[in-house]
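Two complexes follow with chain A in common, the first pairing it with chain B and the second with chain C.
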Partner chain A sequence: MSDVTPIAAATTEESTQVVAEIVRETVRPGWRTRLAEQPALVLAGVLVVLYAVTVWKDDSLLTVNGVRSILLLACPLAVFAASQTLCMLTGGVDLSVAMTANFAAYVAANQSGRGPWIALAMALGVGVGVGAVNGLAVGVFKVNPLIMTIGMASVLLGVVTVGLRGWLAGSTDVLDVVRTVGSGTLIGPLPTNLLVWTGISLVLVLGLRSSGLGRVIYAVGDNQIACRLAGVRVWQVLLAVYVLSGLLAAIGGLLFSGTTGSVGVDQTNSYLLPSVAATVIGGTSILGGTGGYTGTILGALILTVLNRLLLRLEVSEAFRQILYGLIVLALAWSYVRLTGQKVREGGG
Partner chain B sequence: MTTVEPTVPGSYDGFATSLPTPTSRWSRLARRQGWTAGVAALLAVLLVWRVSQLPKFGAFEIRTITAGTMTLALLAMAQGVIVISGGIDLSVGSMMVFGNCLSALWMPDRGLAGCLLVAVAVIAITAALATLIGAIITASGVPDIIVTLAASFVLAGMALWVLDAPRSGVSADFQRLVAGRLDNPWPSVLWIGGVLLVLWLPLRRSRLGLAIYALGSDRKAAFLSGVQIAWTRVLAYTAGGVFSGCAGVALTASTGGGGPLASTGTTATLNSVAAVVLGGVALTGGIGGLVGPVLAALCLTLIPAIMLGLGWDPSNAETARGVIIILVVAVAGLLQLRRTRPS
Partner chain C sequence: MTTPLLLETSAVAKAFGAVVALRAVDLRVRPGEVHALLGANGAGKSTLVKILTGVLRADAGAIAIHGRPVALRRPADAQGHGLAPVFQDPAMAPDLSVAENLRLTRVDVPAVRRHLSDMDLGQLDLGEQVRDVPLPFLRMLDLARALAFDPQLLVLDEITAALPPDLSERVFAVMRRWKERDRAVLFISHRLAEVRAHCDMCTVLRDGRDVASFVPAEGGEGQIVAAMLGEAATVVREEARTRSATAVDVGDTALLEARNIGAGRHLEDVSLAVRAGEVLGLAALEGQGQDVLFDVLSGNRKADRGELVVDGVTVKAHHPFDVIRRGVVLVPSDRLQALLPQRSIRENIAAPLFNRVTRWGPINGREEGRRIDEAVQRLSIDTRAASQVRRLSGGNQQKVTIARWLARGLKVMLLFDPTRGIDVGTKHQVYDLVRALADEGAAIVMFTSELREIGLVCDRSAVLHNGRIVAELPADAGESALLRAAHGLETVPA
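Now for the complex of A and B:
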């Protein structure tokens, strides 16, 4: 409270008044402070408004099937965004999620002859393997995460494209399990993939809030040097984060291939940038240390509903992309304004 | 060790602080140009390798390489300026595609002079758009990655808006002037070199160039030394927009038309980052130049050609590119770690 020091010489009565004023201000924060402390509420509000606007253009969203389709489509996006959330909390980013997902889905379909469990294990193994390489490079060799994962995406694209004419050639039957989970209906408007999504959400939200690893992830994102000095093995945390990210990417890829019933070299690539956008809209800072998965869930839902609205607006594909970009920018901008997590200019 | 590169002689007049003991001219040269020389050596090796694969190596073969690299080289310059200023731009590829579509919309049925006018107009428009992106980054305080990511959506949409289907029919004279005849490599070489000499060299030597390097190497120090941080940052993006616009026009000239394919933009952005990193520009900003990225762009074009010559699947080039990017950044990181740690 250095603000108080200049008037320290004044009379006791005056300083008491000043202190009382400060206390009053802290006790009754303005609406902005209150909103900034509850970003999830703001996001939920945005989602509700957006949903209402979309219903006005497309009343099928009020039906059981409409709700189901939103949840079904939001699920893979939210899972990819879970990868991004973990990485961004440590100040990184994972641009290899889409290729990891494609690769994992391809492996699962290609190895489906060996039985579902082995095929699934191999697909998840792909995710863990890719994540481990990313994690070691970022954690131990200090490679910039953006470059590391761009490079990894390039490597995977080469491996899958070449593999298609070699060891990955042959049958590509999407596993029955994957198909059921990816496109089935649980009950009413709830698709089966919601089970996986709920599981992941619970683990991430609770894990980030109260597990040791979760707290250390925030700490590493906030100040890596302080973490190292405090005895945290930063490289192990980063390794764990990127392995989890790879694993989540593989799960997302399987869910997507279950929904579409197909596999392809680049089938989830259009999810890559939206997954980053969903995380940013959800309030996780790309600079690390702030945010969480709750916001990301809402971010993924907002983007899915937004996509639906733009599809219904009967504008050309061109305007849809322009609007999408502008809205993502506007949401990110207002978020930064609201919460004050602004990148500081200069020494200011 | 000073981190600001003293490119302008005499700019340190009036400094009262004690300067570190001067290093020898050779060690300075090695430190400053070592990486570029390394990339040049790598390029030479790749070139010899490629030459040895071909039964005949003449003007046609050279033109294939240089005209094929022109777009990537210009785009690498765009990314390079921005990375040197301490930022990153994930929208350069989409900006290039937008420039490509805009010129393919206006150029057909026009003579050489008309095409050149259109080229200048397109470059002016991309520069203006890039300035706007830079201004939004500076004004909003949203991280540059996010703003340029959103901008890449918008630009891809704008490309689709100006040109909803691939279009060709650009004047053959214009194509020959920029990309050269099939057996004439000179125009493409001269354009790449020309942009470096006419745009980059004066920029680097100017006050603004120095400010861009200062901003990239230490934002706080630059601010405290009176560099107009916000302006410099925006102008670095403007320079990037000029280079992206050049890349778009070059793409129009080398393909004879344009197409609004968003994936072209994404791939080009990734390639530009690869070329910048391989070209010795530090991602932290403030280190490197634009000659390195241009040479690196040539290397990146040669690798798939060599693989094809070896009878390998050219898709392996994707893998090779990824591995090269990762190794380069890892090695550069280790070198820097060794340099900053007192031994």
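Now for the complex of A and C:
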């Protein structure tokens, strides 16, 4: 190369230094990189700050009762969000959770005369049945989950409305066991429904991480063709996911009816979109394949505290809604900003 | 008077987290030169190409074009400076027509047509939907699209991988034309014979550095391979594997047998049988029904006619699971089809272990770990970027798709062009592995678009033409006999 003069000027030493710096940042990362790799820490941080701000407006949150009320209200949301987490990990969503919950809780209260165990079994049966229909439609008949579950919600509303004049007619009486679990206190600030929530959390966090079903749920969300070629029957996985989603929705509905002590055909509907929001804020990808329930738990707590804060602000309901929406968007956006950088660069 | 270089990079570097793709690369391309960029998988070729075409930004280093320093921040910058890439996977929207796709890129469509007819492809219908155009033609279209920008430097990233020989020839003609116009071509290929025959200069990357730069025709394949692999493996065995016919008593019953299988328009009537310990090579030109045949054998598609027999049992396959549970497994050529890109190496390898409901319970971590470690070691998979397989190099990804079946266990392995786009070192690992699996009693069916591989790895070969097996040849039949048969010409029995 003697006949050419090098023009581009950069030395190997400089480049080596730059690269070494990048590697050092990864191997012994600075606070920003570290945070990006620990989304749960970031979310916990957001929760603590939000809680502190809310305390400034409402110091009852420092009392045993205040803490208890947050946990009590977060529980049904977190259970609905558990449904969404499972569905979203496969790249789907379940917009029929609220109607499934209403239906299941109504059935349990209406059929309480048959004894608590039968009534409970019927309520859970409603959840499983609705989930099975959703799962078959999405898994076997390849209906888009969004469309299928919106349709299902609408069908359920119709079924309940018609049922009220026939087989669901008559008095409703929330079961004692549901009432106790839904509104009782375990000890100090811990409500009884926390027992159910903890159980669900353990099953989901451990199950997603180290069970065969957990693995295939992530796999289906990541690449369905690869699943098929690996011999995984995708429809079985989707069926299982939507059945679990329906079951969780029914449990959430029962817990809510236990807390309020009554049932109604649309009483949990306001939880539907927050359940999706809690999952997204918790870091589960809408497109499937990444995320988990730990983030969702924090997402549900964050939204519950946020709700409390907004209620304490002396502004109109409309403005409250706008603020809520903006904050949810900001949280989701900053989450992607913080953790999404590697996704954009990719390659190698 | 010195001629300014057309392209010069100086100490270009790029790191993805802890994985350093490029440490410091100097590349010098003169006008009127076809310059080969070579290197093993993970050496940094793709990253360098992405930097040169503005897809990625270098972390350090400088780039000059015609003597002037330039900043390539986005693909439009690179295009403005006369750099036009043709990538490994043509990025086109499958549901749009070819013409609509071209319009999206704001290219001069008449110019694309002109370049197509220059390449004797004037008959291509630009109104056709992209999903209906076979991949080789898409690549040629992508080439014509790049040419329409009339670039100073044409960057061809593995364009000849998966191109049939006649189309490859047309690519070489384009390269010669570009050279005569005193422009330049940066040519990336794993086919060293092509490099030796068509390139004036080559630069070899290893481990993110440029380690050698020489005239390939003088150095020969030996020097290239030595530079690519470093001291550790200066000698790569190119001679045919010594086939240990005695390793397994080749039984009379076939492990996998296809009887008069036909499906769709492209697969007429195929019968073949593979016994334990045997590697059957399948050769065909592009589009002779080989992909349909593999889809049927792997249970991914139902056959319209005929019978599939696995280890003496007739199998009605409705889903890949139906053949996988009998030990018939597929390694597809498109790694993106087989992998879970966002999941870890471990989860990718373990995926087939959970393909039945009875395995959905808690995972025995130790048992799983043992199986996976065994497979990872056997294939010497580089686990530095283990958390997401999409960060692995192509060769490592291919190893992961093979490893999952080793972890599961197998009787018959179907390999569809398993070495497409992977480097020499990894190719030889694949060859060795295929022979070893056969010696352990597996039956192997391997389709390859590189005919040389049939002599290297297979015990015998079958040639597919127009959806039928037109010839069965011994492994040592030679490339010309295979080619004649693949074109549907009579073969003289050996």
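As a convention for this text, the second predicted complex is superposed on the first by the 311 of 348 C-alpha atoms of A that agree within 3 Å, B and C clash if a C-alpha of one lies under 4 Å from a C-alpha of the other, contacts with A are read in each partner's own complex, and residues count from 1 in each chain.
Operating definition for what follows: contacts are C-beta pairs under 8 Å (C-beta built on N, C-alpha and C of every residue); 3 or more make two chains touch, one makes a residue touch a chain.
As the structure is a computational prediction, the values presented were derived from the model and not from experiment.
Trainee: A:172 contacts which: chain B (first), chain C (second), both, neither?
Mentor: neither
Trainee: When the two structures are overlaid on chain A, which partner does A:226 contact: first (chain B), second (chain C), both, or neither?
Mentor: second
Trainee: Which partner does A:183 reach: the first (chain B), the second (chain C), both, or neither?
Mentor: After superposing on A, A:183 lies clear of both chain B and chain C.
Trainee: Using the superposition on chain A described above, determine whether A:69 touches chain B (first), chain C (second), both, or neither.
Mentor: neither
Trainee: When the two structures are overlaid on chain A, which partner does A:216 contact: first (chain B), second (chain C), both, or neither?
Mentor: second
Trainee: Once the structures are superposed on A, label A:148 by its partner contacts, choosing first (chain B), second (chain C), both or neither.
Mentor: In the superposed model, A:148 contacts chain B only, not chain C.
Trainee: Going by the contact rule set out at the top, does A:260 touch chain B (first), chain C (second), both, or neither?
Mentor: neither
Trainee: Which chain A residues are contacted by chain C in one complex and by chain B in the other?
Mentor: 342, 345-348
Trainee: Which residues of chain C touch chain A in the complex?
Mentor: Residues 2-5, 8-24, 28, 30, 42, 46-47, 50, 56, 59-64, 67-69, 213, 298, 300, 319-321, 324-325, 330, 332, 336-343, 347, 350-357, 359-363, 365, 385, 390-393, 404 of chain C touch chain A in their complex.
Trainee: How about chain A: which of its residues touch chain B in the complex?
Mentor: 93, 137, 141-144, 146-148, 150-159, 161-162, 165, 266, 269, 273, 276-277, 280, 285-287, 316-326, 328-329, 332-333, 336-337, 342-348
Trainee: Any idea which chain B residues touch chain A in the complex?
Mentor: Chain B residues touching chain A: 88, 136, 138, 140-143, 145-147, 149-161, 164, 219-220, 222-224, 229-230, 262-263, 266, 270, 273-274, 277, 283, 313, 315-323, 325-326, 329-330, 333-334, 337.
Trainee: Any idea which chain A residues touch chain C in the complex?
Mentor: Touching chain C: residues 1, 3-12, 14-19, 22-23, 26-27, 210-213, 215-216, 218-219, 222-223, 225-233, 236, 240, 289-290, 342, 345-348 of chain A.
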